[in-house]
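Quick heads-up: structures coming right below.
What follows is chain A paired twice: with chain B in the first complex and chain C in the second.
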Partner chain A sequence: MRGSARTLPAIEVLALLLATALPLILSQFQVIFLTRLLILSLLALSFDFAWGQGGVFSFGQGLFFGLGAYVAALLATRADMTSAFVAIPLAMLAGLVVASLFGGFLLLGRRPASLIYIGMATLAASYAAQRLAAGWSKIGGQNGVSGVPFPTLGGADLEPGRGFYYVALALLVAVYLAFRYLSRSQFGLVLAAARDNESRVGALGYRTAPYKWLVFALAGGVAGLSGGLSAFHEGFAGPNLLGVLTSTQAVLYVLVGGVGTLAGAVGGVFVMEYASLELSTRFASAWPVILGGILLLVIMFLPNGLIGAVISDRARMPTFGDRRAKPKRVPVDVSEEETVGSASA
Partner chain B sequence: MKQSEGSTSHGRDDRVLDVRGLCTRYGTSQVLFNVDLHVPSHGSVAVLGRNGAGKTTLLKSIVGEVKPFRGAVAVRGRECTAAHTEQLVRLGLGYVPQDQAVFGGLTVAENLRVGAMGAPRGSGTMDQVLAMFPKLGRRLSQRAATLSGGERKMLAIGRALLSDPALLLLDEPTEGVWIAVVEEIAERLIALAQTRSVLLVEQHVDLALRVADYAYVLERGHIVLHGPSDEIRHHPDLYRYLAP
Partner chain C sequence: MDVPRLAGIAFDVLSLSSILVLLVLGMGIIVSMMGIFNLAHGELVLLGAFTVYLAHKVGLGVGLGIVLAPIVVGAAGLLLERSVVRHFYSRPISALLATWAVGMMIRESVRAGLHGRSEVVVAPFSGTFAIGNVYLSQWRVAIVLLTVAVIAASYLLLQRTRVGLQVRATLDNASLARASGIATGRVYALTFAFGSALAGLAGALIVPLFALYADLGVTFLVRSFLAVMVGGVGSFEGPILGAGAVGLGSGVLPWVVAPVLADALVFVIAIALMRFMPNGLVHRG
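Now for the complex of A and B:
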């Protein structure tokens, strides 16, 4: 039997406690590996927010991730700007601005683009950006930007390890809570109604395009933030980060974890990356095929993702909107109730 | 009473909706031909016609879901032929579509809340809506997809009322509804028509003519008959136009 409405918050709290305590008992290698997962979780959250909440199928989150990575890497290597308070926000800003412009073109036109068009356009943009970066010698061409120094935080180097881990965790929690708040607010309620039937939302006086545009822009910003952190953590930004592989990775994390739950996106990253690590150590050459088979089975038999196996559909749906506006229950005559209850469409 | 495609004025000057010479087509197939229709600021109007006559297309053309290729639509004297539905809602128009009128994945309370949020300030309240449709009050936490056909129609009408529209457009509000509930909805519509203008598209002729003061009959996209409901009801050609 799948959990009640309290299951998801319980999972969230438990995961946060575990994430806070684990670095204290894990090895340096394991902490660095976990930090990478936290950074990828931001990328997954950005896609889940765009698709699961906004209904915008952004199949090109790699574009914003890679852009953030390049901005942080270039600032650090060319402008000697390694302050985490400057370089990482600028990486986020780059993703936000480019996503705003691209989203404006896709979503705010007189005839907004269809779901398929958005998916194809974002994927094509991601691929084009990868090709552009690979051919642009001033930003390292195919070799990318390597030797990115550690970011500095309060004058000290933030090396990969516990310090970096907790910075990444704090940012992930902040983004998670912000997305969680937005998806449960009146803003989220309009988006939920639009996912149900967009044209009917117009009949209630809403223009949904600006809502979707804002979601797309915010998702781009968070992907940029993730990319900026990645460049500092890995010491590298390359064309592949902008491309189809990264974009597809973001989609797969969310499909495996469960669309529209935020927690599922983070869970998807951990399950997929741990499975990759374990399988690659046991099956040196066949592991991608095995992993692909497992992912296929999950997507086929758990359409709501792994989180759908433990939480019911309704429990996954939040309570929306302004609770002050909650209508009063009106007592109804029981005999009347039976009449309507038996009516059928 | 008139039996032509000419002027279809009620003889009232204060119109909340003015449709003039409306022509709409889907691809190369024209559905509406020079439709003139007016709704006074106090009173209700019915549009009758058999299946495929163009009734739903007429409403969709008025609310901007389908773009007419000729003709004009004015709401409260403001030209808005090319306006989007949400702009028309801001002008005081409420629209209850025929299909998928409620958000099935949301609860009844959430459906009402999303309607209330989009409403201009000073609009109706949810409590007023629940007073009009008290059965919804027992199902606030129930997902709209699990409601009966009648309850869904009530929810859709109630949600549209939250914007306190000057003109309420209803597309087949009793379609697919159990007969006992049809009468209940009819009573609410008659009450509604006392407080605001209503443009009603309906297959139940008796119900439509009871609710509306004035009626139009559409036949293959043409207005073939119009006049006060009492006269339309007894018109010798009415059932010839409505017969399947």
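Now for the complex of A and C:
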């Protein structure tokens, strides 16, 4: 078995220390680049929480990301509402509300929806939102909303740079801890059980649909938060943020990093974006092809992502009772539906 | 509304539906047969379009290119099934993502090959028919007729031939089919190749209507999947009916509500329909 149960916390603490100290010695350009990665990490976390924890294949996280971006950008440019304490929470709220409505439609109700249906429906919704925004001239159409001013934080402008970096880092850490807590709580235990065998959990008296719905709504809120931050950081919100590209990007980060670990999602963003930055300049036109190839190899040969090579499967699961006890090997049913990041695959 | 205009709209709906049918036929066969949602399908369409462009470029002519496209793309599909898709039959979500990665490689290669430009491919014939006051593009009429022919041929292949019987048997019950001496692995590979060939043909036929650009396939991908799922997975006629329904919605709604809204509304209606009728319009008992 790879790594002990302590490997993951060690990685997390080390990453946090590095993330806190690094900007002090990096250039402005590098800090801005890293801020972008922190914001994208929120997006990746939102997908990882929905799919890796909730087992809801939300293939349309771009919808909530783009929505948050539009809300923040429109508030700032049309209503002069640049206060970070108002615009960013509203972007998050927009994601949360739309995701809870959409998720209620998809997940609640007498008939449970299939995994593939949820994937295709969320992807289609994200695509539809992109087309709607691109054709809607009142919100900028194809050009989107540009020239978003800097957000203000207690009277001062929050310019991209160290200040913005630490705000984004604080939000990322808060979301990470919240998701981490939820996934290791009783709540997370029900979700983990439902991922393994949904009908058995149902037989134990749990209705899993409301759990999944809550996860989906929270993930939508975090994606909205990420989008709102992104609009302020890049000064821009456009239809592509809502669409298939953003949605698949979120999935690919998590896949490369490792599904269901949260740390893997953040790691995936850093690895992929850093590789893109380094390699895209060197092999300009071939890079996207290489990226596709890398993804294919990861999906085929590393079903647990990069982090799967470092930490054990057990570190990703909520535990109950004595943490030091040896895990019992339970024979796993070979079911038709695939389970999340199945190690046996 | 006057009659010629109405007839014009009806023809637009018909030709849009035929294009969608062409696109979803191959996709529907692959989904129904193996439960694989092939996100590289759009790129197989693109590959078909690219084949026609290449044939035109080296002087073989657009007509021959259209004949070659299904053969080339069918071979590509066979390769894709043998190398990648084969590993994912029990893991549909991973299959979704793996085929997306493959699609990305094809799409970006084509983008690099075209240097980011879009290229015009001229149809073999480009005049119009006039029926009274109604003018119909000859190439669109040809697409409608070819679509009917392709549906008929696929139907006959599946229902009337020995290969079709093996395919249907594998679809119904793979282990029983295997026990009866059908090489299901080969059936899967051939079906995937056949579905891919149809995608290639679709790409070859539609490229004169649009232009050849790297995102040609992706444009139709989501719409085609909705058509398959609305129509119903697991039947031959389901995806065709679904494509008709989505085509009808896309053609008629812009006349009822603002076009921008109509475009998104088609997706919303499709998502809702799938939720309430998870088995699709055509349910196979």
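The working rule: the second predicted complex is superposed on the first by the 317 of 345 C-alpha atoms of A that agree within 3 Å, B and C clash if a C-alpha of one lies under 4 Å from a C-alpha of the other, contacts with A are read in each partner's own complex, and residues count from 1 in each chain.
FYI, contacts are C-beta pairs under 8 Å (C-beta built on N, C-alpha and C of every residue); 3 or more make two chains touch, one makes a residue touch a chain.
Since this is a predicted model, take the numbers as computed values, not measurements.
Look at A:S280: by the touch rule set out above, it reaches neither chain B nor chain C. In the superposition on chain A, no contact is made by A:T7 with either chain B or chain C. Look at A:P303: by the touch rule set out above, it reaches chain C but stays clear of chain B. Legend: residue contacts after superposition of the two complexes on their common chain; A:G202 is shown touching chain B, with no touch to chain C.
By the touch criterion defined above, A:Q186 reaches chain B but does not reach chain C.
In the overlay built on the shared chain, the residue A:T152 is in contact with neither chain B nor chain C. Shared contact residues of chain A, touching chain B in one structure and chain C in the other: 336, 342, 345.
Per the touch definition, chain C reaches chain A in the complex via residues 37, 84, 87, 90-94, 96-98, 100-105, 108-109, 111-112, 218, 222, 225-226, 229, 259-261, 263-264, 266-268, 270-272, 274-275, 278. By the touch criterion given at the top, residues 63, 65, 84-86, 89-90, 95-97, 100-101, 103-106, 109-120, 126-127, 129-131, 134-138, 140, 143, 148-152, 159-160, 163, 176-178, 180-181, 184 of chain B touch chain A in their complex.
Taken in their complex, chain A has these residues touching chain B: 186, 189-190, 192-193, 195-197, 199-207, 314, 317, 320-322, 325-332, 336-337, 339-345. Those residues of chain A whose C-beta lies close enough to touch chain C in the complex are 57, 59, 105-106, 109, 111, 113-117, 119-121, 123-125, 127-129, 131-132, 135-136, 244, 248, 251-252, 255, 285-286, 288-289, 291-293, 295-296, 299-300, 303, 336, 338, 342, 345.
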